Amino acid sequence: MKVRVTVMPKTGVLDPQGKAISHALGELGFSGVGEVLTGKVIELDLAETDPEAARSAAEAMARRLLANTVIEAFRVELV
Amino acid sequence: MKVRVTVMPKTGVLDPQGKAISHALGELGFSGVGEVLTGKVIELDLAETDPEAARSAAEAMARRLLANTVIEAFRVELV
Amino acid sequence: MLHAPLPTMTNPALDNPGNPADKAGMSTLTLLPPDRALQLAAQFGLKPDEYDRVLGILGRSPSMTELGIFSVMWSEHCSYKSSRIWLKTLPTSAPWVIQGPGENAGVIDIGDGLAAVFKMESHNHPSFIEPYQGAATGVGGILRDVFTMGARPIANLNALRFGAADHPGTRRIVDGVVRGIGGYGNCVGVPTVGGEVNFHPAYNGNPLVNAMTVGIARADRIFYAAAAGVGNSVVYVGSKTGRDGIHGATMASAEFSAENEDKRPTVQIGDPYAEKLLIEACMELMATEAIVAIQDMGAAGLTSSSVEMAGKGGVGISLNLDAVPQRETGMSAYEMMLSESQERMLMVLQPGQEGVAEAIFHKWDLDFAVIGHLTNTGRIEIFHNGALEADIPLAPLESEAPLYRRPTTETPKLPPLGEVPDPMGLAPALQKLVACPDLCSRRWIWDQYDALVGGLTSKRPGQADAAIVGIEGTARALALTTDCTPRYCLADPEAGGAQAVAEAWRNITATGATPLAITDNMNFGNPEKPEIMGQFAAAVRGMAAACIALDFPVVSGNVSLYNETDGQAILPTPAIGGVGVIADAHLAMGLAMPAAADLVLIGAT
Amino acid sequence: MNAAIIVFPGTNRERDMALALTRVTGRKPAMVFHRETALPAGTDLVVLPGGFSHGDYLRCGAMAALSPIMAAVREFAMGGGHVLGVCNGFQILCEAGLLPGVLLRNAGLRFLSMDCVLRVERAGTAFTSHWQKGATFRAPMAHGDGNYFADEATLDRLEGEGLVAFRYADANRNGAARDIAGILSPNLRVLGLMPHPEDLVDPLMGGVDGLPLFTSMAEALVGV
């Protein structure tokens, strides 16, 4: 079972990479680029075959390690 | 128009980060974790309102800056 | 323990170690049809006469894996076939030289029972394709060359040449290369203490990334590559094998291009974290008596490491690829033998030491597998999925590889410059000079390199003509520098070669240290062109003369040829890495001028 | 003073730290591997040194913070023990929740390796007693993720309670909130800071600006 965990900075948390990308895109001549937010995707190949069990395992992994919930929010999808 | 660009390592390209995460999850007692692949998500807020124009602008940005197409593949979605 | 299940059915050499593989075992070898083999040989870069030699050696058509092995072992990169004849003329000995060229790195005695182990190596082409990873894996490769010999790396340096500063492609490459060198070195925890950078249009399509590592070992605890002990285990350690960097030739082969995307040669990605673990694990194992021989897997990974270890030791080697730790599924023997996955080493262990070694590598979260054993056949035999995939005598692959004396033409002497008119006046000229890309401050580079990790760097970039790095537990320090002025080498390769050596010597001397030895990185164009081979020969001549005059022998080096784009060669660039020692680090001189000092000019202008 | 240096896979400034500690205390610190579950008996000071634990993959310090030894370090800190985290060690302390906030990518996205000038904001602690408040000193920095971030309330609390130990005094190169370079726990016994005083404790290295950190600790923790 493949699971995708997407981790994004919470609102109000500084995103230096997003800021730099927004700036760089402007410099490259792309206009109309507003806020840019950057995050991480972690795709896990789990032995678990039950979708709900896989999802809850991934959620546990995200809470424990994959995301720092002080500054990041995460989303789990089955893929 | 919000656009999400997901950038992942191409098949066969080593992902040291994914490897380290897979290992760490194992050490934390999560069993049945196979390959882990990590990538980036970049969410762009574009002034463009036409979906197809926004998509192709994002694709151009991905090719130009957001992804390193020698080792990474990208996917664009409207959100 | 992961003992390789040996397919004894197809390994007669194991049942009867006295005999070379008999014909029964050979029957499982799938040979290429002759016309197909001929066509592939050309695609793999073997010249027609070289391919004839292959046929003569084998007495039959090769298998796919065998052809791959011949092509990489006889490549310029592994065989030094165009350069060896010239390199042999370099002075390589001195009372303080413990090991000259021919091993993974050179070794010199620096007193107090210690040795400095160092080498420089190029990663030019990969750095053009993918600057960050190309430069990063270059650093990783040279580090392995040094710690393979039992030395803990204490400093990295580099020598970089980029295209014109205003060329549209240059910025991307400079940025990637500098970040890649820093990214790898900073993480692995080896300080980057010096280097040099030039810009010239001749490097527009072919940047040079030369990386140097210096390590410290006990002079009586140096590890070598020569395998010994028939029956001893051949052990694979480090990261898993993937399809990284497999010979570009793979792609050209119809067999492979018919397959899916995944089979394309992929860029090697460096994992400095894995390398750091590998250093620690190797250092720990090296403190025991378990290792007979050790070699890193660099270019042509498993092929060159196994062939060189067995070849140097005058033994044979049998490998079972089923036991190789693999990152991808369905890899062929050809792919595994040619993979250039990073952060891997091959070792031969003393009998019964497998458990000790395995525990150490597992402690450091690294793969460990027994993948074969030494034989007395003088051949390399490779098994995969129970079938024999290659069976080649070692000598023709290694010590008897092709050797060429290619035609040379001398570089015409340029007329003297004569009177140079002053176009702008002294002050503007000075301003122009200090602002030019070749002379301006390099601070923006070294500000991205951790120069201090290790706690022993006493002169970092910008503080002295050579970097000064202390040696733990002693008052001593090493003085380290890289130097070359390619413009000079283009105008007069002999004088340029001599000048590069002399500059390294002067930079070390200027700190108060005694210059001891050099490593070199010979970057040139296509050796099949007589004028390029002429540059090479002349540069070597000049270097040799300077080395002799200065008592400054060459103990290691690397050659990178075919640095051309659209037939345009780079400037001849024999980069020199110099090492000296100073008995008391406190005495090392820096550049900073004390207040109220007098300026004294020494030498003729 | 019995110091224990924790070595995670990828730690690389443990030797620098050991050299500095040995120089000041004359005693070699114990090296404790991340898989250990207990600190050596009689440990007075735990040091989490710099480096790239677990390659700095995912988030700096995230995987190290979950190491077996960190349970012992947490217990030690909770019991009033002194803990110093430098660079990656600071990142680990934040990820482990022993200090608030987090270290984000440098604002310019580049690795920064250079000397910076720090101002001592909180003197009189076990780590800072040999400096005057307001004193400035030079310290090498070498990091890609030193951009200290915490929410406004946390920053206000840190400042209000005098828990900001050091600020960048010359330039804020990494974008750290309120120029913060190092912070203390409420009991003043856990210190995290980004720059490396341990790399400036010997005239041979270009100065002894970092020495007061070590002499402060040696004095405060002698016989503790």
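The letters A, B, C and D name the chains in turn, as written, and every chain counts its residues from 1.
Keep this in mind: a contact is a pair of C-beta atoms (placed from the backbone, for glycine too) under 8 Å apart; a residue touches a chain by one contact, two chains touch by 3 or more.
Model, not experiment: these values are computed from the prediction.
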item	value
Of B-C and A-D, pair with higher C-beta contact tally	B-C
Between chain A and chain B, centroid-to-centroid distance (C-alpha), Å	9
Gap in Å, rounded to a whole number, between the CA centres of chain D and chain A	29
Centroid spacing, where centroids are CA-atom means, of chain B and chain C in whole angstrom	33
Chain centre separation (chain C, chain D; CA means) in Å	37
Interface hub residues of chain B, defined as touching at least two other chains	16, 20-21, 24, 28, 38
Contacts with two or more other chains, residues of chain C listed in rising order	271, 273-274, 365
Junction residues of chain D, two or more chains touched	54-55, 57-58, 63, 66
Chain pairs that touch, as defined at the top of this document	A-B, A-D, B-C, B-D, C-D
Residues of chain A touching chain B in the complex	6, 8, 18, 21, 24-25, 28, 30-48, 57, 60-61, 64-66
Residue numbers on chain B that touch chain D, as the complex places them	16-17, 20-21, 24, 27-28, 38
Interface residues, chain C side, partner chain B - complex	129-130, 132-133, 239, 242-244, 261-262, 264, 266-271, 273-274, 327-328, 341-342, 365
Chain D to chain A touching residues, read off their complex	58-59, 62-63, 66, 95, 102, 104-109, 147, 149, 151, 175, 177
Touch list for chain D against partner chain C, complex	9-10, 12-13, 15-17, 19-20, 50-52, 54-57, 110-114, 140, 142, 144, 196, 198-199, 203-206
